[in-house]
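Two complexes come next, and they have one chain in common, subunit A, joined by subunit B in the first and subunit C in the second.
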Partner chain A sequence: MGAQKKSGARVSEDPDELVRVPLQAILLADSFTTKFRPITLERPKVLLPLVNVPMINYTLTWLESAGVEEVFVFCCSHSKQVINYLEKSEWLSQPNFTVATIESQNSVSAGDALRVIYERNVIHGDFILISGDTVSNMSLTQALLEHKERRKKDNNAVMTMVIKRSKPNPAIHQSRLGTDELFMAIDPNTKQLVYYEDRADQSRGTLHLDKSLLVDNPSLSLHHDKQDCYIDICSPEVLSLFTDNFDYQHLRRHFVKGLLVDDIMGYKIFVHEIHSDYAARIDNFRSYDTVSKDIIHRWTYPLVPDVMNFGHTATKLERQGMYRALEISQSQSAVIGPFTVIGSGTKIGNNTKISNSVIGEGCKIGSNVIIEGCYIWDNISIEDGCKLQHAIVCDGVIIKSGAVLEPGVILSFKVVVGPEFVVPPYSKVSLFQQPIEEDSDEELEYADSTSVIGSQVDKSDIEISSKVLETNFSPASQLGIGGAGHVWSTCEGGHEEEWRHSVAPIPKDKILEAIKTMEDDMEFAQDDSFLPPSGELKPNSNDSDDDDHEDSRDDSYYFEKEVEATFLRAVHENIQESHLMLEINSLKLSYNKQTSDCAGALFYAMMKYALDIPHSSADSLLQNVQVVFTKWKKALTSYLNDKDEQIEVILKFEEMCLESANEFAPLFTTILHHLYNDDVIEENAILSWEDEKKDADEADKVFVKQAQKFIQWLKEAPEEDDEEEE
Partner chain B sequence: MDFQVVVLGGGVSKKLLPLVSQELPNALLPVANRPVISYVLEYLELSNLKDLIVVVEGEEAALHVGAWISGAYADRLHVEVAAVPEDVGTAGAIRAISHHLTAKDILVVSGDLVTDVPLGAVAATHRRHDAVVTAMLCSAPVSGPSESVSSGGKDKTKKPGRYDLIGLDPTKQFLVHIATGAEVEKDLRIQKSILPAVGQIEIRADLMDAHLYAFKRSALQEVLDQKSAFHSLKHDVLPYLVRSQLKSEVLFNGMPQVEENGTEKVISQSNQQMVSQILANASEPTFHLRHALGYYGSTSDRKTHKCCVYIAGSSKYCARLNSIQAYNDINRDVIGEAGHLSGYSFSAQNNIIHPSAELGAKTTVGPHCVLGEGSQMGDKCSVKRSVIGRHCRIGANVKVVNSVVMNHVSIGDCCSIQGSVICSNVQLQERAVLKDCQIGAGFVVTAGSEFKGEVLAKK
Partner chain C sequence: MPDVQALNEFVNLLKKRKIEGSQATAKLTAELLRSVISHQRVPHTNQATYLINAVRAVGEQIIDANPIELSVGNIVRRVLHIIREEDLSLVTDAMAGFGMSATSDDEDDVERDDHPALSAVVVAAAARSTLRPPSLQTLLEDVTDSAAIPPTPSSTGDSDGKSRSVEKGTRGRKLKHDVIEAVNELIQDITSCHEQIAEQAVEHIHQNEVILTLGSSKTVFEFLCAAKEKKRSFKVVVAEGAPRYRGHLLAKELAARGLQSTVIADSACFAMISRVNMVIVGAHAVMANGGVIAPIGLHMVALAAHRHAVPFVVLAGSHKLCPLYPHNPHVLLNELRSPSELLDFGEFSDLMDSATSLGSLHVVNPAFDYVPPNLVSLFITDTGGHNPSYMYRLIADYYSADDLVVKQRPTAGN
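Let's turn to the complex of A and B:
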């Protein structure tokens, strides 16, 4: 730690810097997500114990060791708790390391937080942006140096992201930290990040990169085996960028992507890859489990239990990765397995077996208890004969004798589980009711509910919890006799995915299932790609063509519907022609259509209307058509300025006769003649229509044949007609 | 090497008009006074590959090529010239001669390749990985196709010439993505299923597919049989093999896997054996094997095949004569920096003047020039960085710079030729000035005319 500290300090004393700016860091003590609910309803995530030490301590320790001199802790939800904690801890009285808190009640995202910090005007130079749930032991020296070098050359290099190699499981599309798989494209020479996609659409078999990326770079590395450590070295511009783009909320989804897409400002993001160092962010319960294990396995040295003791009694490392505090009363017959941490003051009864678990302070564990892969926090009482597997148990929980926690269970603060009760897998239990306004859409999640509720809870924290305690749970509550707590129902569709982010290991059958779907996908993707006869790589392009096609088809469908509705309204409400035209024109603009489309759609609407007027025979239908056209001819002709538009109308008419309104079919020629007489359609258009149809299939020529006589007549007496028309 | 070699001689390419004709098909286009196909044939001969099949599009072109080859290499090589209909494509050409193929591996070489990349290394790569296909890649020429050398981003509408987009695995041994030609113009699309398996793909735009492939015969024939619509090796067969490498469909259905002593057979057997194979293999297992092993030891009988690459070192020469620009470049290079390819021994002045050539008084032939047999030059001529063919008659005071003059060309006095290609039997009357022109065979350029950047050919 000492060495790192020194080297870090050296960087900030870069001789080239005229004014020495202390290295600053922004620590976001709020993750703006709801992934740790229900626990985070009562306590902020950064204060949750990670191997018996609140998470924020790991982050602060690292920042100190990395040579950061000034940290701004941004508190939002439960801000009082965070501030109180920091005040009681030693962090505020460290030499050469100042920790200041910034409190905000109404920030709902990291973007808001950074905007608040920008307004405070406290950041003067490059700073480290990190959230309070990050565990790392990396040395910043190299990364900072690179960042500064790049800044000297290019003022637009505003950010350096730290990444680490980590291969996600291709079958279930997530990393061992439980985060979504991440696709990145990096220029191998400059290490510039050019593409970042952390929530790729699984359904698409291909990844799309803009071709412009390859114009500037002769080569590009596409990574799937990297993990974002969420440690960013930022230039002060980053804060102003957040202020300029007030809609940036999420650091990655908005800010990083926004910067990558925007080529006007030309801001660039670079990456720094760490190899032997450790860096990981606790994003969900799975990463909580993974990082805890990494700490116990000492990957995070010096951030390990026997070194990190903040006012706690010393913990001793024993063989097989066992960490035991000094004051433990443990029965002779209890078996404590490998990779287990036991806090001070904990009592363990006879024949109890504990393995791969973390037990906090002051817990009372009865006899014949089996604990496997669990995270038991402080002051918990577990009575005899309980069985706990892969669960997180928060402070003050009482588990009555013989109860069973299935894998993936989360018991929030002070929950009581009744005797012999079996808590089903992946259930989340809290004394609080599940907030009703919970939105299943994760995209919105961080924006609305979390912090608002969090801060409410915060303000009246004690009040509410006492109220909750007073609530008498019915004797046979959701958690057995004498139990206390609400089992949160997972939001719709959520249960399926519960296993992804839980502390429990991923069940084998899920993996097999995922592998199977993956293979199916692969097959599907390949089958897909061989549809075109040439077998070229066209399928993809075809895809998009099809999409476009579909889109435009949908578009024209809606456009036609709208025009029809508009026309009918005009008919029924007796709206003037000019107003009707105005409306259609606006539709034309909003759907980005041609005049010919308008003509076609309007014609269609008129014919449809004529058809819908009750009629007994073909003659009366013809009459209807004539009536309609006499009335609305002017509107239609205004769209029929040239030949192409008139042809469009004829084609439309033909299409109608063939499909939707085949009652018109026998009347085709008659109506066409009528349209000609009414000057709706000119001779030229009819002749070119016939010409166009020459090469068509026989089936398509039905109406040309029907109209043959009429066309013949037109051809024979062209001169007079022309004169007449002119 | 028990490779069977197929040389794709092409036919009469539209891109090379007016330089080529039925009498002078692509393969016979002279580069430094030697037909371009001779470079390939000698390149193969150097690797001791003497049993060759040359496929030429069009009967007449095939006759001409066959005649030339039998004349030049009768005693040295055993060459079979096969004619295929025009426009069958490279895949079609192979399909047409498929019944002649018997060896385990097939080497397919484009007849317009001029290179000195060691063929043995390509073959070794192919064999080492027991690959289904191995493609040779070389650095893309600095000048893009059709002079799109546009310096940097000067004009953004015109992109610098990109040949292929090639995706490699981190070890640079395997081909995991290939997009060519027009596809490059579109956005880059990467097949997502392969990325997780490989972990990291390096996309290279500065490499070019040299059209030299080693195929496993069984796989190649299978693909050609199954996918009758495949037209081109580069555009259809190779991308298909690359795409399907983790989910092989081509591997020898119904064929006894006698010759498959590689990974494929083992995979279908027990997991145990594969693990031991990994352990035995000191190096890290390739992603194919890891993929085939499955995750968490799931026993699936995934079939994979490997698509390898051999990347030519940057010091090696590798170019394809597939455009007029390339023709100029290759001629310049073969008599210049890549002179060892020409097979001539350069004089002290760094040029090659045939002993029977006659030079007038005060005529200078600079370095990097070739003057063919029996050509005559008048007084005060100057030739720089140019190739002049056989039996040309060049008058006095003629300047030839950066140009190719083929055989039996007569050039009048005081002509100036710069950056141009003059085909055989052309007549340039006096004082003709040509700059960046291509003159088709037998054309007559009238006296005193000036042309710049034009294509002139007999109607």
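Let's turn to the complex of A and C:
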């Protein structure tokens, strides 16, 4: 057919033409997290409807249109459901697009999944790694081309990550998708990713970059306004890397960070930024809400309800973003607001108001119901006078008349809410009891019990549900009269964190609170010099130059601390002087410092130590100093070969007297004299120190004046010497 | 159904909006239907009905795949019309062969030339059945009983079925052959429509004129180039055609051909229009009332041209003539494309965050405008220049009224 030729006349957007090598993809049909509980106890996440279409359809459609020819769907929890769904759908019978399923019951992480796939030995070339909850319409052509080019030049470029610009909320450090703020350092020339941090410590507002990053890369741009799309173009090595490093579990936290830190193998990760295309992954309820809205607002075109109907009945788009299936019965007096999707077979009663919501198929909605910002799935009955705000309501739920769902409520499958009952905000309700074993911390990440429970449900779906029925909810259960379901108590993180990931918009007071704490932090950071200023990124600056400066200041602070600690250790553990010097030398090298810095730091450490030894009066303090110096003089003098270094010591001493240890102030001259006598500091140094101070402010001259007599004496003394010699 | 794979592929492409341009779509549709017809095995009787049903079944699917691309439906209807016509002419030939009175045959021909057209105008089936060859039915004295299409009796097909029972033979193969020939002609027409339209360029563009166009259309490009080749010297003002800015490309290509062209912003059209002698634009589809579904921004240009009495000329190949009337064209015949063509997602992402109170930015990006017929001065199709009010007549030449609704009525019929 002339199809190819004709569409080729268009710009090379059509990926079919360019990607001729069979392109494979791995689709993880399990997110290995528990964010979508309790819903995912009964149905896998990839089959949850997103704007009335199971999520996996979006991912598969994109893969197909992006030119992928072979997809391996990796199923883990609820694998039977996923496989059954795919078998019933038309995906398995597409021409030029094969979908194969891989089932594994005992994988608990993405790492395990990739190891299983590696063992199967089905991936032969570059592949796309994606999870089944990703919505995108991007064209892969360019990204693939870049990836292949890089591979030709550098065999270590194993992965290309797709990123997209998206501003995070500066107040709550959270992206639109409800994920934490993500920090990335990218080499702007090569697009190499050198730093990835998705769990930056927000409370302190600081970020620690390894100094070597700045040394190795001539230029570096630090971004916090990029969103990770979780679409990766990988080379086959990635699979073997997972097998080699059997402790890699999480794709980002372990694998990406592992590769970035590990400089022995030298594997590199690159990024590809998309601009006009859309890509996002549904990671939590907030992103479910956000992505649904993006679809309704058509950012994902052509993956929009009126174009892609996936075998459902046709949907028409009307004014103001209203999508209506052809067969719905709606009362004349019902008001359906903008950006609403209504599935076929749904009945809507009198005076009902619906806005910004998605309603599934076969729902019965009574009169005088208010639905705002809700996701209502299939076959749900909502009786008269209910009020629903920003809730997710799963299949088969019955909401009796007059009930109210406060923002952020999740009602899992077949829950019944009693009449006039008010479900409190952010509650999660399920027919299943909350799993009790879910109390350990690591549970959050690897969700061992997800798979366990998941498979249980798979095998004995009916059994459990019958058990549920047997438990016979008492007439006045947790959900009002005639209600059915368990309200889950909010687990780890507590109530505090619920609003971050909920479908409900963030309450205003939370934002104000966040802004306030942020401002407080800023002030705190400003007037307390103790807090190292490095990495204190202003919300919208991507500047890396600043960072460099601050880093070095920061360094000297740490250097001094280290030297002090080393010295103290030497004192307490009676380490030999030579060993102490060795350690200080190595510190000097690792912090890239001068000898004078070492001298200053060591002197500081010694004086501090002398000060810390209990003393009653100035005299005993002086004695302490003398003791310390007699013992450790050698170490110090080894750094004082030069006049400059000695001056540094004097300056340091002066600084100490002024600031941290003003007990020394009256003793300044005495100690200076002592140091002179001990040959720690030479005459020349003292004189040039005085010289340097000549032009200084009066305030700075305090000690010069104090030492005036001593200096005078020094000046005279050499003359005497000379005379004697003569 | 033969060629399921080709069909699925085409449906897929249409669904994903991967074919752009009505000419390409029309050609592909015609080619697909040709292969459907050639693969369709026809029995000896009732051939035309079989073919029509086969084409309808396929047509329904591809129209549903992208209801906004009207040229698909147009071509399906054209092919259906071709089948009916060919069948009819075979019947009349057969009549002649049977030694029917020459006069009646002639009458019949005359009637057919006039009446199908008229009948298409008056959609009412009853009226048409009286106008449509009553002589045939009376001659064959066989009142149709076929259950195929009762409400608007596709009289020709059914009656032919009966007539064929009288004279079996080579007619079956002949019908199919003739239809394929005619479809080939149709494909030929679609391919050459640009040249056909461009040939008329010199009649419309005069020396030293200033022409305004918006966006980019292949037809317009060929049209202007043809005038240029005939040594006409004129200037072209190209409105860029936001948000896709195809006008930039057009201006580039025109300038490369040595045509003096000026790019302006869409919003500058009104300021520019007083200096313009003629507006020449392409169309997405031409509706039966003479209204035009055109790239976004053209309604504005048409109004400006109307205000300054500048002729507004629409170039459209005959495959763009749609026999439907536009109802609520701004919504139902429009395609809302991705907002990313208008603004950068990253730049505005914080304003679209529904989680915070800032989620109040919406973007609407319709692809088409509807230009009402009273604003159009002239249509230039491959068959010549026409008034908007003449469109219905043209449509009646190309389509049979039975096919206006391609969807087989599952509830009403049968």
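Observations on the structure shown:
Heads up, the rule we're going with is that the second predicted complex is superposed on the first by the 496 of 726 C-alpha atoms of A that agree within 3 Å, B and C clash if a C-alpha of one lies under 4 Å from a C-alpha of the other, contacts with A are read in each partner's own complex, and residues count from 1 in each chain.
What we mean here is this: a residue touches a chain if its C-beta (ideal position, glycine included) is under 8 Å from a C-beta of that chain, and two chains touch if they have at least 3 such contacts.
Computed from a predicted structure; not experimentally measured.
With both structures placed on the common chain, the touch criterion links A:Lys167 to subunit B and to subunit C. With both structures placed on the common chain, the touch criterion links A:Leu512 to subunit B but leaves subunit C unconnected.
Of the two partner chains, subunit B and subunit C are each touched by A:Asp225.
When both complexes are overlaid on chain A, the residue A:Pro95 reaches subunit C alone and has no touch with subunit B.
Judged by the touch definition given at the top, the superposed model places A:Phe710 against neither subunit B nor subunit C. Once chain A of one complex is fitted onto chain A of the other, the partner contacts of A:His208 are limited to subunit B, with no touch recorded for subunit C. Shared contact residues of subunit A with subunit B and subunit C: 167-169, 225, 508, 511. Per the touch definition, subunit A reaches subunit C in the complex via residues 1-3, 6-7, 9-10, 14, 65, 95, 137, 164-169, 174, 176, 178, 225, 275-278, 286, 289-290, 293-294, 297-302, 307-308, 314, 316-319, 321, 339, 373, 505-506, 508, 511.
Those residues of subunit C that touch subunit A in the shared complex are 5-6, 8-10, 13, 15-21, 24, 27-28, 31-32, 64, 331-332, 336-341, 344-347, 349-350, 352-357, 359, 362-365.
Subunit B meets subunit A in the complex at residues 153, 159-160, 162, 165, 167, 179, 183-193, 195-206, 227, 229-231, 235-236, 239-240, 243-244, 246-247, 249, 294-296, 298, 300, 302.
Residues of subunit A that touch subunit B in their complex: 167-171, 173, 181, 183, 185, 188, 200, 204-211, 213-225, 508, 511-512, 515, 518-519, 521-523, 525-526, 529-530, 533-537, 540-541.
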